[in-house]
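Next come two complexes built around subunit A: one with subunit B, the other with subunit C.
What follows is the complex of A and B.
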C-alpha cells in the first residue's frame, strides 16, 4: 500500500504547489464558497496587522479566529503555504492509520442470517479503505481549493482527523484533547462528543445501559477529560492576549451570525431578508438544528458509532453558520469507508450530479449577481439551497442504506412474504 | 459612491490689526459684526462669504443667563444645558474645487458635518451628543438625527479646540459627517432666523434662497466657541460665528462675460446696515494678478483700500463700510459692480496642498479607496494629518494600506486605527504622513462590501452608498512669514 500512497501524496503536493504559484490562487482565495468570514486567510492577515498596530484583533468585526491561530501564524506567517500543506498531509497520515475495523461483525457472525456473506467486507477490501480515504481527501477539488485559499478550515479538519484517529485507536485522553481543540476552534464539533464516547465505550466492552455503574464511571471520566482540556485551552488563550474578547468575537460570532457575507450555507440569505423581530427566534431554530440530531442519532446508531460520527460531521458541515467547501470535503473523505453500502443507495447518481452541477453553478451565478448585475441574491441562494438539499438527501440516502443493510444482515438477503412470494423492504 | 476629499487647513492666524468698533459693543456686553467678502475666482466664478459674528460677554454654561439680546436663545440654552464647549456645524452642497479655486475661506465637506467638544463636567458624552444632534436637527431642519454610533467617531489628533480650552482630552470630542445630506431652503431659513436682524436688514438682505441654491457651491455653518474677553484673558466671552459661502458661476450665467454685480448675483442690492450691528462691511478682492494693475474696475469707487496677507499672498481689498453715512449719500442702495478691463487669462497659483479621492474596482464584492495628496511647495516638506471615517458596511483591510510617494513607500509616523464593528461603529483611521516637497502621495486601502439586511439599505440604494470626506489637517508653510495678532479684531479673511 505504501507505493500508491506515496504516489497520491506526490500528486497532491504537486497540484497544490502549482496552484499556489499560479494566478488562480488569488481568485480562489476570494471565492465565498472557499473562504468564509470565519476562516478566510485575508482576515487572518488582517488580524495579525491589527496586532502589529497595537489594536486588539477582536475589537473589529473582521477577525474571528481563535488566539491560538493568531499565535500559530504570528510565528509561521512566512511559511503559511507550508503549514497548510502539512495540515493536509496530517489529515492523510491520520486517515491512513485509521483501520476502520469491524471486528464486531466477525465476532457476531453467527448471529447473522446465513445468506448475507456477500454483504460483509472481505479483509482485502478493508485493506484498501485507508488509501481510498486518503485519495478522496487529498485529491478532492474542494480540499485542494480550500488548501490553496489558505482557509484555516484545513487546520480545523486536521484537528478533527486527529481526533478521529485518537478515538479509533482507543486513546481516551488524546481523543478528549483533540475534541476539545476542535470545539475550541469551531464550536460545532461539540456534537462529536456523543459518537466518540459511544465508540470508546464499545471498545472497552462496556454495555450502554443507564443503570450500569461502569457506563457512568467511564462517561464521567471522558467528560472530565474533555472539559479539563477545554478549560486549559481557553485559559491558555486568555493568557496569550490577556483578555476575554475572543469569546464573543469567535463563539458569539458563530452563534449569532452577524456577518451575512454569502456562503454555501443556509443562514445568510434567510437572515438578510427576515423581519428583525423574528431573527432571534430563527437563529435559535437554525442553531438547534445542528445540535438536535445528535440525540435521535445516538439512540438509533448507538451500536455503530463510526457511522454516527460520519453522519454527525456531515450534519455539522451542512447546518453550520459559516460552511465552506472544506467542511464538505471532510465528510466526503469518509464516503469510501461506506463503499459496502453502494448497492443499497437509491439515487446516488442523481445526487452526485446535483452536487457537481451546483458546484459549477456557484461561480456562474455569483458572477451574474456581483459583476454582471443581471441577477440578484435570489439566484445565488437558489443554488445554495439546491446544493444543501442535495447534501441532505445524500446523507439520508446513506443513512437508509445503512439501516437496510443492518436489516438484511439479521433477516437474510432474500425476504419472503408470509405467502412465500418475494418481498420488498420499504423504509418508512 | 460619491467620495470627495475636502481639506481642512488649520492655518496659522495672521493679520494686521484692523479697525474695530468694539467700544460700542463693550457697553452693551454683546456685539454683532457682519462682513461680506467677495472674491473673483478663476474661470469666472465668484465666491461670496458672509460672516456674522455675535460676541457675548456672558458666562453661558453656568445657566445664570436668562436675558438674551443678540445671541440666539435656542443656541444659548443648548450650550448651557448640554455642557457644550465648542460646536461646529456645517451644511454644504457641492464641492469646493481647491485645485482651481485655491484654498477655501471656510472649509466644509459635502453634506452635514458636526463636531463638538464637550466640557469636562459632562459625564455621559455619548448621551449628550445624541441629545445635541437631535436638538440641532430640530433647529436646522436637517437630518442630523441620523447621527448615531455608526457614523460618530472620536478622532485623537485631527481636531483641536479652536477656542479657549483647558485641555484637549479627545474623549470629549465627537465628530460626525452625513455625506448624503441635501442642503436646501429649509435649512437656510432657520439659519437666517438666528441672525439678530433676520433677513430684513444688513447684509442678510442678500440671502435670497432662490439665488443661493442656484450656484455651484453652497455652504452654511454655525460655530460657537469660548474666547478671551480681553487681552488679559481672565474672563470668557462666547462667540457665535454664522458663516455662509456661496460660489456663483457668473461666466455661464452672464453670457460669457465675467463681469458681475451684487444685483446680478443675489438679485438684491444693499440698502442699509443691520441697526444692531457694530460693524458692517463689504470687502471685494481686487488684488492685482500678474502685477499688472488696473485689470479690473469696481464701481462705486471704494472709500478705502485694505491690504492684507492671506495664506501667504499679498491681497488688496476694496472696503465699503455700510455704517458710514457717506456711502448712501449719492445713491440709495449699494450695488457693487466689477468689470474686467481686458480678458482675464491668469490662473490662480496652484495651492500648496490639495487632494482628491476616488474609488476603484468593479463589481459589488471588493474595491479600493485611493486618496491623492499633492504638495506643490517647491522646497518645503510638511506633515499632514489624514482622518478617514468609513462606514462599517465597507470592511477595510488595514493590511492592504499602502502609502506611496515618488514611487517609494512612505511610512506614517503616527497611525491610529479603530476597526469598525458591524452595525455599531465606523472605521476610524488617522495617519500623520510626511509630504516631501513637490510630490504626490497616493494612499490606497482595500475594502470589501458587506451584505446588508433588507432594512439597512438607504433609500434608493442604486444611487450608491456615500462615504464621508477625509479630513486633512496641516500646517502649511507660507512664503511670507506670519504674524500672530489678536484675531478678534481682524476682518474675516485674515482670521481663517
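What follows is the complex of A and C.
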C-alpha cells in the first residue's frame, strides 16, 4: 500500500505546487466559494499587518481568525504555502493511520442472520480504505482549491482529522484536546463531542445506560478533559493578546452572521432579504438547526458512533454560517469508508451529477451576476439552494442505506412477506 | 422526494425511461427544435415596452437644427483626414477645444499575435481623441458616451461631423446632469479596447500599451456608437450583439425604437425591415429569418459594432448604422441629429443604471422580443435528450452491476481506470488545438510557403483533423478493456461532459449553446460502436463544431440573400477561424477556447466511442 500512497502524495503535492505558481492561484483565492470571511488568506495577512503595527488585529471588522492561528502564521508567514501543504499531508497521515474498524462486528457477529456474509466487508477491502480516503481527500478538487487559496479551513480540517485519529485510536486525552482545539477554531465541532464520547464508551465496553455508574463516571471524565483543555486554550489566547476581543469577533461573528457576502451556504440570501427586526429570531432558529440534529442522531446511531461522526461533520458543513468547499471536502473524504453501503444507495448517480453541475454553475452564475450584470442574486442563490439540497439528499441517502444495511444484517438479506413473495423495504 | 424514495414509483419511472428511451429522445429533440421555430411566431413574442420610469413618462422636445453645420464639419474633417493620412488628431483637438470641451488624447500601441489579413494590420499604433462636456450642475460622477470610429478611407466622416455639431449644440444647453464624452476612436475595436481599459484603469487583455487617460467623467451609464457614411440616410440599422453574445438592456433598444418612431425614421435590425402583418406565412418566415440572423450573430461571439466592448464593463451600449440605399424617402442630418439628441436627453434623465428591462432576449423584429423564460425550454428539450440518454446508460450499468453479483465492486474499478487515458488524450488534443497554432506559427512559416496568418489557420485545421486519428492510438494504450461495458461507460462520461458544458454555455451565450446542442445532440445520443458505423461516422463528422461553423456561414449568407458558392464559403470559413483566434487573443472572446478546450474534446470522446474495439 506504500507505493500507491507515495504516488498519490507526489501527484497531490505537484498539483498544488503548480497551482501555487500559476496565475490561477489569485483567481481561486478570490472565489467566494473557496474563501469565506472567516478563513480567507487576505484577512490573515491583514491581521498580521495589524499585529505587526502593535494594533489589536480585531480592532477592524476584517479579521476573524483565532489568536493561535495568527501567532502560528506570525512565525510561519514566509512558509505559508508549506504550512498548507503540510496540513493537507497531516490530514493524509491521520486518515491513513485510521483503521475504520467495525467494532460491533467483533462483538455481535453471532447475532447476525446467516445469509448476510456478502454484506460484511472482507479484510482485503478494509485494507484499501485508508488509501481511498487519502485519495478522496488529497485529489478532491475542492481540497486542492481550498489549499491553493490558502484558506485556513485546511488547518481546521487537519485538527478535526487528528481528533478523529485520536478518538479511533482510543486515546481519550488526545481526543479531548483535539476536539477542544477544533471547537476553539470554528465552534461547530462542539457537536462532535457526542459521537466521540459514544465511540470511546463503546471501545471501553461500557454499556450506555443512564443508570449505570461507570457510564456516568467515564462521561464526566471525558467532559472534564474537554472543558479543561478548552479553558486552557482560551486562556492561552487571552494571554497572547492580552484582551478578550477575540471572543466577540470570532464566535460572535460565527453566531450572529453579520457578513452577508454570498457563499455556498444558506444564510446570506435569507438574512439579506429579511427585515432587520426578525433577524435575531431567525438567526437563533438557523443556529439551533445546526446543533439540533445531534440529539436524534445520538439516539438512533448510538451503536454506530463512527457513522454518527460522519453524518455530524456533514451536517456542520452544510448548515454552518460560513461554509466553504473545504468543509465539504472533509466529509467527502469519508465517503469511501462507507463503500459497503454502495449497493443500498439509491440516488448516488443523480446526486453526484447534481453536485458536479452546481459546482460548475457557481462561477458561471457569479460571472453573470457580478461581472456581466445581466443576472441577479436570485440566480446564484438558486444554485446554492440546489447544491445544498443535493448534499442533504446525499447524506440522507447514506443514512437510509446505513439503516437498511443494519436491518438486513439482523433480519437476513432475503425478506419474505407474509404471503411468501419477496418483500421490499420502504421508507415512509 | 416521494418519487425518488418510493420503490414502486421508481421502478415504473426507470422502466419507462429504459423501454421508451429512443422514442422519448426523438420526441424531445423534435420538441426542442419545434419550440425554437415557434419563437418567431408573433403571438408568442410580446411587444417591447419601456420599463424604465425615468425614460418613459415624458417625451422631450428636440431642438437640434444644425444639420448643415454637421455636414460642413464632416467635409472639413474629410479634408484634414486626407491630408494627415490617418486620424487628424491636432485638428480634432483644436475643434473640440473651440467648442468648449475638455479635450484629451490617448496614444496606444498593440502588436497582434499574428497579422490580421482581412484588415491588413499587425503592429498597430493609433490615437484616441475624446472631449468631455462637463455637466454644469453635476459633480462628474456619471457620464454618457457618444463614440464614432475613425476608419480609413472615406467612411464615417459624416458621423464625426454630426458628433461635432451635436457637441456644439449640447454645450449650449443647461439641463445636463451627466457629463457627455465625445470619443473618436482609431482602429475600431482595438482603439475602443485601449480606451476602455485606460478609462477604467484595468488591464483585461494584456498587451495594450497606452499612456493612460487623464480625463475621467465618472461611471459611464450608457454608450452609443455611431456609424454614418453619407449625407442623407434612408434607414438606421441597430446592432446589439456584443462580445461573447452579451446584450445591452432592452430599454436602450426601446429608447432608440421610440425615437425612430417619433421622428418617422425607418429602422431595421439585422438589416431586415419590420413587417406590418403577422398572420401570414411570409411574415412568419420573415421574422424567423431575423431571429436566425440574430442567433447566428450572437453565437459567433464577436461584437457586431464598436459598442460590443462596452458591455463587458457593465455599460449598456448599441451601435447605430446609417444606411443609404435606393429608397425614395431620405432623411437629412437634422432628423438624425434630433433622434440622437432625444436619446441623450432621455438617458440624461436616468436616476440609476438601466436595469429594469430584460438582459436575455431574442428579437424576431425590432418591436417584439422573446425573453429568457420563453426561449430556454427550447434548449431544455435538447438537453433532456442527453439527460435521458445518460439515465438510460446509468440505469443499464446499475442493472448489469446487480445482475452480476460476483464482486461488483472489483469488476468496475479497472473499467474506470482504463478510461482515464482516452479522457486525458482527448483533453490534450484540445489543449494542443488551443496552444499550438499561435505558438507554432514561426516554425510553420519556416517550413511551408505560407504567410503567418495562413499558417495559424492551417495549423489549427490540421490539428483538428489529426485528432480524428486518435482512436487508433488510444486503443494501443487501452489493454484488454474491450468490453461492452467499456464503451458504455465512455459514452456515459462523454455525454455527461457534453451536457455539463452545453448547460453552462447556454447561460452565458444562449445562441452558441443552442446551435451546438442542435447539431451535436442527435449524433451524441446515437453514437455506438456496433451499429451502421459508416452512417454514424458521417453523422458525427457533420456534428463536429467545425462543420457547424461552416454550415452557420452558409446559412448566414443564405439569410442575408447573398448565397455563397462552395469556394467562397471555404474562404469565409478560413477567415472565420482566423478571426476567432484573433478575437480571443485581442479581446478575450470565448468561442475559440470553448470549442478547443471543451466541445472538441467531448466530440473526440464520442469519436472514440464510435471506433471502440
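Criterion: the second predicted complex is superposed on the first by the 425 of 428 C-alpha atoms of A that agree within 3 Å, B and C clash if a C-alpha of one lies under 4 Å from a C-alpha of the other, contacts with A are read in each partner's own complex, and residues count from 1 in each chain.
Everything below uses one rule, namely that a contact is a pair of C-beta atoms (placed from the backbone, for glycine too) under 8 Å apart; a residue touches a chain by one contact, two chains touch by 3 or more.
Worth saying up front: this structure is predicted, and the values here are computed from it rather than measured.
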For this session: Once the structures are superposed on A, label A:3 by its partner contacts, choosing first (subunit B), second (subunit C), both or neither.
Result: neither
Exercise. In the superposed arrangement, does A:260 touch subunit B (first), subunit C (second), both or neither?
Worked result: first
For this session: Could you say whether A:299 touches subunit B, subunit C, both of them, or neither, answering first, second, both or neither?
Result: neither
For this session: Have a look at where A:353 lands relative to subunit B and subunit C in the superposition and call it first, second, both or neither.
Result: second
For this session: Applying the touch criterion given at the start, work out whether A:61 contacts subunit B, subunit C, both or neither, answering first, second, both or neither.
Result: first
For this session: Report for A:364: first if it touches subunit B alone, second if subunit C alone, otherwise both or neither.
Result: second
Exercise. For A:210, is the partner it touches subunit B (first), subunit C (second), both, or none of the two (neither)?
Worked result: neither
Problem set entry | Where subunit A meets both subunit C and subunit B, residue numbers | 371
Exercise. In their complex, what parts of subunit C are in touch with subunit A?
Worked result: 1, 4-7, 10, 246-247, 311-312, 314, 353, 355, 359-360, 390, 394, 398, 402, 405, 408-409, 496, 500, 503-504, 507-508
Seminar exercise, completed: Given the complex, residues on subunit B that touch subunit A span 362-366, 392, 395, 397-399, 415, 417-423, 450-455
Seminar exercise, completed: subunit A contacts subunit B in the complex at 30, 42, 45-46, 48-50, 53, 55, 59-62, 258-262, 268, 271-274, 276, 369-371, 377
For this session: Mind listing the subunit A positions that touch subunit C in their complex?
Result: 118, 125, 339, 342-343, 346-347, 349-350, 353, 356-357, 360-361, 364-365, 367-368, 371-375, 393, 400, 424, 426-427
